[in-house]
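Pasting the structures here.
Across the two complexes that follow, subunit A remains constant while its partner is subunit B and subsequently subunit C.
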Partner chain A sequence: MKVLYYPGCSSEHLARDFYLSIEALASFLALELEPLPDWNCCGAREIEEAPEGVGLFLASRNLALASGKELLVTCSLCFHNLKRAQNILRENPIWRSRMAEVLKDEGLELSPDLPRILSLTEFLTRIDFSRFRSPHFRGFPVAVYYGCFLSRPYPTDLQALEKVLSAAGYPVIPTTLKTHCCGGHLPRTDSPVIKNLCRRLLFEARQKNASGLAVACPVCKLNLEIYGDPPFPVRYFTQYLGLALGISPSWLGIPEEE
Partner chain B sequence: MEFGLPLEDILQKLAEEGYRISRRTFLYYVQLGLLPKGKRKGQKSGGVKFYYPTWTLERLKTILRLKKQGLTLKEIKKRLPREIPSPLPPKTFPQTARLKDCNVCGICGAICPVHEEMDLSPWRLIQAWLEGPDSLPSANTPWVCVGCYLCEERCPREIPVVDFLRFLRREGLPPGKRWRKHPEWSRIFWSLLEERGRSFDFGAVHAYHIRIIGSGENQRLFLRLPGPEGEKEVSAPSKIKNLSAFRRALEHAREWP
Partner chain C sequence: MKVKVFFCECGGNISENLDLKALKKELTSSGTEVFQHPFLCSPEGQAFFEARILPGEGVLVGACSPHLHGSIFKELAEKRRAQAFHLVALREEAAWLGKKGAYRRAIGLLKGALMALSYYRAPVLKKFPVTEGLLVVGGGIAGLSAALKAAEKGLPVYLVEREPFFGGKAVFLDRLYPRLECASCLVSPRLSALIQQENLHLFPLTHILEVKGRPGAYEVTLEEKPRYVDSERCHGCGDCLRVCPVNPPAITMDPPHPVPRIPIIHAARCLHFRGESCSRCKEVCARKAIRFEETPRLHRLRVGGIIVATGFRPYPVEKIPYYGYKRLPGVITLWDLERMFTRQENIYGFNGESPRRVAVIHCVGSRDRRHLPYCSEICCGLALKAGILLRERFSAEVYHFYLDLRLKTPEGEGLLRRAKEKGVRFIRGQVAEISEVPLNPEDEGRLTLLAEDTLGAGQRAWAVDLVILVPGFVPETGSEEVASLLRLCTDQFGFFSPREEKTAPVETLRKGIWIAGAASGPKDLSESVLSGEAAALEALLFLKNTSFRTETDWIEWEEQRCGRCWLCVEVCPFKALHIDLDRLKVEETLCCGCGLCASACPSGALRMKPFPREAQLQSLEVLFGET
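This part shows the complex of A and B:
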């Protein structure tokens, strides 16, 4: 069965490693993941500055392209933006008819059957990773971190990371900060606040003897790598899954020297 | 439009921040339409001075920065926000009735991960708004909010805090009380989005320096990431198919209230 997925702009640059590890997992597991044809940017945090219609249009166009299907979303911020728009379209007939009208110009239809939006974390719980684990792989303890947008205000399964990673052979260490905030898009990046938030998250993982932190969001990963000090291994959960399946690190976007 | 600063003050302020620009160049930019026209004001001493809106300063800094990156004045003009801000009457927040349930417990401010960066806690803005839009103080709060929804999750009264802050940021506050964050990145973000239908998540990278040279087909982007890689050239995002329909739709979507 083919599954549509929305890669988002970050897949081309900042989260290239995330994207590579997803593609590697998909080919290893023979999942037919297909990028949503002709997808457009969801507007990231910038839509907060623009009139409501702009963000809704950007999301609606993607929703129209995926009408009636399941749409897998890999980036947490894209997930939030698409989910929020989907809810507004469902609840507000005025916005819905405006979006239907504006999409017509491009020959797109906002069918009543909006796509079912799924986070990558939830999607991967459908797979039993214990069946695919490499016999040579020796799991090491990891902590998991969901960040904000997979937890609030449209909560996903907050045991998903634990489920897949432990099935893959990693002892998962429970933490209390797994749905806390990393500082996200705080505009002042030289701020001590963002540093403290990131340090605190890494501190907990280190304190509890985890050897790494598994994350699911490009912004969280970058923030933790840049502001989290002292440095601590932070990887996308898909990279950890790939390692457990015996996929070579370079295919997973993990630099050689590590 | 408020006319706050005389030309001399603008040049003085820029010089203090290390920018070099002559009076002549300034007036040339005004002539080209890169900067707004000034307003004549007679002085008590008998002379005449030209006054410019306060945002002229920021705009001029953007121009000088882009020039340093090697852009021509024509390219710069394309990249600057077309709209010149003008004061609009405050709009209403559709969920104002729900805000009245706020019991001023202060949890939203206490739980907020970035509250130390905020001039005022969210609840203070809620209370000020309930007193009337004119009581709203100028505060960076709506722009500092990272949208983590921790406040809403913990608020005992189910106050739509995040929607309210979003409203203040978009339209609730008059331009004089607005706080512009990294306008240059916003501009780059939107121009890429309009040119290609795809962009960058610049919000996440504004700390790492992005250099853009040229425009259209000849555009080159350089990203400086922390770590051993240093600065690297990245390809501009690939384009979606029907860009003209996309742009029309985007234009249209901007006009809805």
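This part shows the complex of A and C:
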């Protein structure tokens, strides 16, 4: 299976472990993940400060590069930005023609057949993990957490994490707060709100006797690690999947000492 | 044929936007006689209209939509033996669309209609016999009120109910809004009357398989599912209910006042049907009424009319994930609560103890674009009633979370006052989340509820033990099937549409079929009874006549031209066309001359007799030629 894949900037630094675990999973499952050639930043949050249209241009360029194909997006924020750009291009002919003009200077064409954007969580439900489970692996209870951008405003399958993790052999604990906010980019404002949000999320996981929390978004993981008080094991769901398949922790970006 | 044109000014509605004088000039110049009246529908206007028509003439009226006064003008024209009649909705199609272009639209419509009138041939009035029987679909309070009234007047009535017992949702109510009187005391006498009424035939556990025929003579096929208990032999002692080893029991007689008083065996749970050799109920039955070998039975009925009273059901709240229904203990709906009250079950909160603080959440799913974009009107009263009862029984703190309170009848306001005096609290705002994860550690073991308090201007959190969700209403499951069997129109939410909401609320667009109760929109008990009885009156008026007259002979079929694609049969919304040995047959009573089949026919084999294709084309040419 060959898939076009958008790693996003965070795969280079903040979420290096997420990137490593995805690559490890892909090579184990023989998925040919082909990074989108010449991809650029999706615009992230910072771009809101820039003049109007710059963020849309960044996202549109990626869409133009991938036009007509399926594009797998791993980071939640990238998923949101690309989805949003796609919606604007579909519904707003003025923005669409402006973007097409700018992209023409680069020799790119904004074809009417925009890519089909897939989130990693939904994409992995296509794979039956129970077939690949390591015989030595013993599952432990994990809680799941989707965060905002996989649940709104462009909802994905909110049972996807439960499906893949339980197929991989983990007893998944249902949680009420799985689509709540983790605080997002609030740490930069040093707001007290974020502490309460993160504490409550981890409180639920602990209250229900989970041994770990599976997340799908780099920012959620960062926040929960910084503000988790007392600390609680938070991992990317791809890392948990890798462990169940018997992949060595160091390949999955899990430090040796843990 | 000479044609006379009548304009109605509609008290300025038409004449202010439309230059009638110029219209008159234009039409008179081509030799047509034109009359004008300020209110053509008024008694004086009607007399004016009638006096100016001579036998054999054609009449064209330019007034409001034909749905409003069309039939009055038509009857007057017929009375004066006019040869042809046509109506143009000058008000809706020309004047109300704005001054700009009104004249252009009006003259096109009028000239087109004049052109069409020259081809006009009047439909034929025909008489059809009416069978006396009445089928009532749905044995809830509306259906049984209709059935009782019609049977009382001597009509043979067949009452069909899908569930094993009659009474619908009303039998599972504990108290009634607004006086908190006992519900079963009011409903059960009506249920008992069902059995005593001689002309009433009851079909529980039954659904409709097929409806054929025409108004006044429907042929209905019903399928009655097996009850596995012989209704002739059983006398309702209930011995069998006590010996069933399955939990929950496989043989039940569920409602507090079961009608008929005969238990039912649920085959899915019963050990006998799951291959085991249990027959305890059969052994204990003194009357030998248990019949494991029973099979579905078919009934064929001939009836003259049908009353549809399929009712409503609460919105499935589990579709709204953040309320936690069916996921969190201690979160129940109002209907669960009513059932618990009627069965006198114990009510426990989240932590398994009696609730100390209860939240009643109004408008669950209601007035929400993503769920029900409408208000169900009756739920506020039901919620208020439940709040008062919970306060009285558990002396719990009761909080109502509401958007707006809609309390019907003058007594509704009294109930609100009574609730406030008892210390029930009201918070205006929507609930954002119900979870088992507390905000403060000391609230562990209770439910946490986050809501906006729009009057207190802020977001607040409450720790509660029991949450009562009050959902809005949607049409009962299976009402789509009934709608497609009977070809009834529904609105965008699936409720049946009446012919006219205000002046003909129980009639449908189909002759001989009426709607009653909450099938046409959420209704409380008294409104359901009211509409049930209104439907019974309409049914009596129609069925007590031995015949009815209707216009026929709308469509002509040319066998030579027909390519047998049967697009016409598919397209007919009234099921008036059917194929009989490769020939098209028109059911005269069902055909109302809408002309859809004629316009769908690719080979032009169907001809609308009053306004044939040539007339339509020529009038279109005139219409677009003018513009």
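Structure notes:
In the analysis below, the second predicted complex is superposed on the first by the 253 of 258 C-alpha atoms of A that agree within 3 Å, B and C clash if a C-alpha of one lies under 4 Å from a C-alpha of the other, contacts with A are read in each partner's own complex, and residues count from 1 in each chain.
Heads up, the rule we're going with is that a contact is a pair of C-beta atoms (placed from the backbone, for glycine too) under 8 Å apart; a residue touches a chain by one contact, two chains touch by 3 or more.
This one's a predicted model, so the numbers in the text were calculated from it and none came from an experiment.
More residues of subunit A lie in touch with B than with the remaining chain of the pair subunit B and subunit C. Using the contact criterion defined above for the overlaid structures, shared-chain residue A:R96 touches neither subunit B nor subunit C, since it reaches no partner.
Within the superposed three-chain model, A:R84 lies out of touch with both subunit B and subunit C [touch as defined at top]. Of the two partner chains, subunit B is the only one that A:N40 touches; subunit C does not reach it. Once the two complexes are overlaid on the shared chain, A:E48 sits against subunit B while remaining clear of subunit C. By the document's definition of touching, neither partner reaches A:R235: not subunit B, not subunit C.
Contact with subunit C, but none with subunit B, is seen for A:F203 once the two complexes are overlaid on the shared chain. In the superposition on chain A, no subunit A position is in contact with subunit B in one complex as well as with subunit C in the other. Residues of subunit C touching subunit A in their complex: 321, 324, 327-328, 433, 435-439, 444.
By the touch criterion given at the top, residues 113-114, 116-117, 143-144, 146-150, 152-153, 162, 166, 169-171, 181-182, 186, 189-190, 193, 197-207, 223, 226, 234-235, 237-238, 240-242, 245-246, 248-250, 252-257 of subunit B touch subunit A in their complex. Within the complex, the subunit A residues that touch subunit B are 8-10, 12-14, 38-41, 43-46, 48-54, 56-58, 61, 77, 80, 98, 102-103, 105-106, 148, 152-153, 180-181, 183-194, 197, 218-219, 222-223, 225-226. Touching subunit C in their complex are the following residues of subunit A: 158, 174, 176-177, 196, 200, 203-204, 207.
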